[in-house]
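Two complexes, one shared chain (chain A), two partners (chain B, chain C).
Take a look at the complex of A and B:
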């Protein structure tokens, strides 16, 4: 009896060890950041207080949550792809093109609200899927690695949206620096969810200010997370995706159509990616602009890695990255530390998480081997 | 008037960063290490070039600094992928993210400006109006072929990319060769950086050329010379942009679309390349001594 409980508690300890890499990696990266802060002649304690003051104020918390929404969606798009063994570095281009499609659908179609908003959302998803279609074909039929093809698609997307907004979908008459599509019709604009969300958070004595986007995209993010979690853990397709991701050869022997599964995985990932820009297009600015925040796809990649491709973990990792962004602005504002340090530190954080992860896994594996040796 | 001579020279220059980058990819992947980090290495190299050149008032120091900066990141990539056995693409992506923040941070600390440096006047000498570094990559590709086919180092490096377990069983120090491949990749990424635009550093100025290099490498089927020729195809495609006003069938194409021409071309080329590419057998495979 007691031998069994020690084995159980040991097993639990192993699990905790194996799962602690993200936390340790984060702490290591923060430590490095503070050392750098010290090296450039700023006091680490001032840096910490600047971060805390700027991030955990009423507005700070609200911005962290609000700006985490696109990051969470981008993280989910990458996580689904990773689970299927795909590196979708093209989330970047997919959301750019998806956002353009959503903006165009919102500005040029005339529909009643109950149709227009879903159409805008679907347009975004279709745009994302369209932008992953060619890489998916190349991957499945020509064996072209998706990392290369999706990166090319990112470059093409950048140029194409610029061309389309300069030309056919230009919403600004005459010369203007603010390049954009026409404004969305009122029927296409996302409703605010302030009242709903605040009625819940008021119970905890917190209220989201009106000037922070608390909008329909929060619901979309929640649905994306629940949807990907359900897909990956509760459906046959999700099981196939994970099999193919873990071992395509074994999946073939198990009767899985590997090509079809890879294709489907990429399409799902692209569809989710197409939703990333919706908060900006359909709520905050109410138009699409080529100057829309870039790089969310790459941050999403980092988020998925940090969350180990677990949809629930993506929520926390997304919030963490949103916090890091905010922390960067806090540093820039209140200390002599430039914002860009946070960018470098997030790269370092991913590296340290994966390295620590490998070290812990190896350590636990050795412990297990020793244990087996003792029992024999 | 369309000046063909000028077009050829200009294309040679435009191709240079992608060509050196493609060679950088070839060295790394021949040793079995997938290197997406070339983009980040190149970006870091461009900053280090300007930094070194301005600090020492010498373009040669600029080149050495560019190599130093890129090699530092390549060593980081090596430590992550070879010693700690992290997935190669994950490590590369993280390094690219790191490079973006790091260059901006260093620019801020050293020059007081985050998105660009002052203009650098210590640039490599020009021959017929283009950067002298643009004349060496074809020779370097031929040299690389010779190294891979005829030297002990090259053969062993290839064996580490094809079958590290076999190489290991024959007494080759696989880890050392993989490190050598990645570090040489860093050296070439430094040259790629030096040939891009030595006059100034601007944030994210590599703008995807590191990735384009990898496409060239794949298009060239991991052969050094073919990779360089593929890079030149992309480079000349990009050069068309500067001449579009003088070329009849390009006059009416918007410049934003011509900009994406090399990338579209890369996609078309990849699509038309019917699964013929053959990467080193153990490319991207994590090698652990004593495990199979």
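Take a look at the complex of A and C:
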């Protein structure tokens, strides 16, 4: 009886320890930041007040949520791949190409709205899938490691996209120097969700300002998260993906077609990745440009890592990274911290969040192992 | 676990609020005017485009007895005007929120450096009708004098035409080269102008294959890749070119390095700088090798971003701000070629002829092409 309760309470303690890892990591990261700020000769309290003032203002909160959407999708794309044991570094190239496909579908097709928006979304997904197709074939049939092939595909995507926008899909008119595709047709532009979202948040006394992107991509992010969660935890395919991710040999003996599962995993990851750029293409700028925000795929890797490849965790990790971005700008605006150091600081924060998280998790795993050893 | 996380977050928030409460610094007298600026990616220290904008801010501080807020160089001439700059990390929404933050903080005139600010400036200017915006290199249609946006653009092709002419006059091998950064319409303006200038003055360069041209890359990173710049320029020098012009931002350092190494290997070769007077920057360095590299920069195509920022800032200060379009070409001294104490002896023999060309461009007798397509129809003498 008493042995059981101690075991139970110990288990609870482990859970708390594990669960608090990201929070501790975040606190440690803040500490690191304050030390750096102190070393520069700026007062830490001023730095904190700058971050709080800038991040938790009405605009601040809105931007943090809005800019978290592409990050969440990128995180989900990486998380699904990781669950299946795939290291998809190519999310970067996949979303670039997906965004181009979406932009082209939105600009050149003439369809009624209820068809055009889904077509744009599907074009993005197909673009992402197309871009992971070759690495997936190489992985499944030739055993080429996906890290090599997808990272190469990133370079190819960047060059091809530039070629296509310079050539056949060029929409630059007049004196503008911004390289871009033609504007999307009105029927393809994502509707704003300000009214819907604000009618809910108004209950809490908060409203999203009009100038921040609160659009259809929020719904897409939500669907992606719910979809991946459902897929991974509630379907046979999800179980297979996780089995293959944990141990492909054991999965083979359990009767799973490993090749097929790996291929499917990569395709799903690519399809999700193709959605990352949609907010920018179909709502904010209403055209595709090769100058679209880059690097979201790599941030997505860190997000998936921090979220332990859990789709629900990805939401919080995405929000955290979006907050870090905004916090960096707060420092730039109100403190003497030089711009070049802010990049280093946010890098340090990411690193410490991820490292502390990993260390704590390992620590708890060792404790558990020891306990199991004692019981046996 | 969830409750625990929430508790910690709430605690954190409370602590930070308390801290922020006690950090009220005593406010000094408010400056009369506040002018903000947002750099393009790359920011301060690129020795080229962004630094030229920074030089404009510095000149404003000097002239208006102002100071640059939070600047490590401590530019401080008085408290009349506050100047502040920011730098974005990523794409569209990041740029927009920085512009918006400056406007909300009470900056009355805001500069946006680079054409990628085009859409963000349009969006923010709509919400802040009393704030003036200066957009460098961008183009926004349908502006007039009463708009709160002024588009500051440059005729880079005209300046490039002159340095192209210098290359055409000075080449001994009758082969010259061009290294571009990222392939895009803006950089093509440099390329077309340069080729036109070289072909205009030197018939040997009109032959197919006499002017080499290559771009470094397909992303913004092409503007900070000196290794690739060096590789391309070295190839050009090995193929017989003796003058190479670059329009590739910080990648140009590699082009200069290639010229210096080819020179050390016994070749009589030169490079041409861009945006700032790069020959002067290198030659006046305290580092011996930089000095030697500077001696290989025959001239630079100067794009006076500093003048654009300075003039617009002064106009705003004096209450003469006008919306619309200002183009800085040869006529306005907004572009040109660099002539300094170091390269004077090198190009003295051709400056008279180049200045004659400059007058022809200003008078409209020569219409410099802005793209390779226009170059094909360019009237050669």
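As a convention for this text, the second predicted complex is superposed on the first by the 329 of 376 C-alpha atoms of A that agree within 3 Å, B and C clash if a C-alpha of one lies under 4 Å from a C-alpha of the other, contacts with A are read in each partner's own complex, and residues count from 1 in each chain.
As a convention for this text, a contact is a pair of C-beta atoms (placed from the backbone, for glycine too) under 8 Å apart; a residue touches a chain by one contact, two chains touch by 3 or more.
Everything numeric in this text was worked out from a predicted model, so none of it was measured.
Of the two partner chains, chain B is the only one that A:152 touches; chain C does not reach it.
Of the two partner chains, chain B is the only one touched by A:134; chain C is not.
In the superposition on chain A, contact of A:259 is made with neither chain B nor chain C. Touch counts on chain A: comparing chain C and chain B, the chain ahead is C.
When both complexes are overlaid on chain A, the residue A:338 reaches chain B and chain C alike. Of the two partner chains placed around the shared chain by superposition, neither chain B nor chain C is touched by A:194. Touch criterion not met for A:308: it reaches neither chain B nor chain C. Touch criterion met: A:23 reaches chain C, while chain B stays clear of it.
By the touch criterion defined above, A:166 lies against chain B and chain C together after alignment on the C-alpha atoms of chain A. Overlap of the chain B and chain C contact sets on chain A: residues 158-159, 162-163, 166, 338-340, 343.
Residue ranges of chain B in contact with chain A, taken from their complex: 36, 76, 80, 84-87, 89-91, 93-102, 104-105, 108-109, 114, 208, 211-212, 214-215, 218, 254, 256-257, 259-260, 263-264, 266-267, 270-271, 273-275, 277.
Chain A makes touch with chain C in their complex at residues 15-16, 18-20, 22-23, 27, 30, 43, 45-46, 48-49, 51-54, 59, 63, 66-67, 158-159, 161-163, 166, 172, 174-179, 211, 213, 280, 284-285, 290-295, 325-326, 328-329, 332-333, 335-340, 343. In the complex of the two chains, the chain A residues touching chain B come out as 40, 87, 89, 134, 137-138, 142-145, 147-149, 151-156, 158-160, 162-163, 166-167, 298, 301-302, 305, 338-348, 350-351, 354-355, 358-359.
On chain C, the positions that touch chain A within their shared complex are 1-2, 4-5, 8-9, 12-13, 16-17, 19-20, 22-23, 25, 43-45, 70, 72, 84, 86-87, 89-94, 96-98, 100-102, 104-105, 115-116, 118-119, 123-124, 127, 137-139, 141, 153, 182-186, 218-220.
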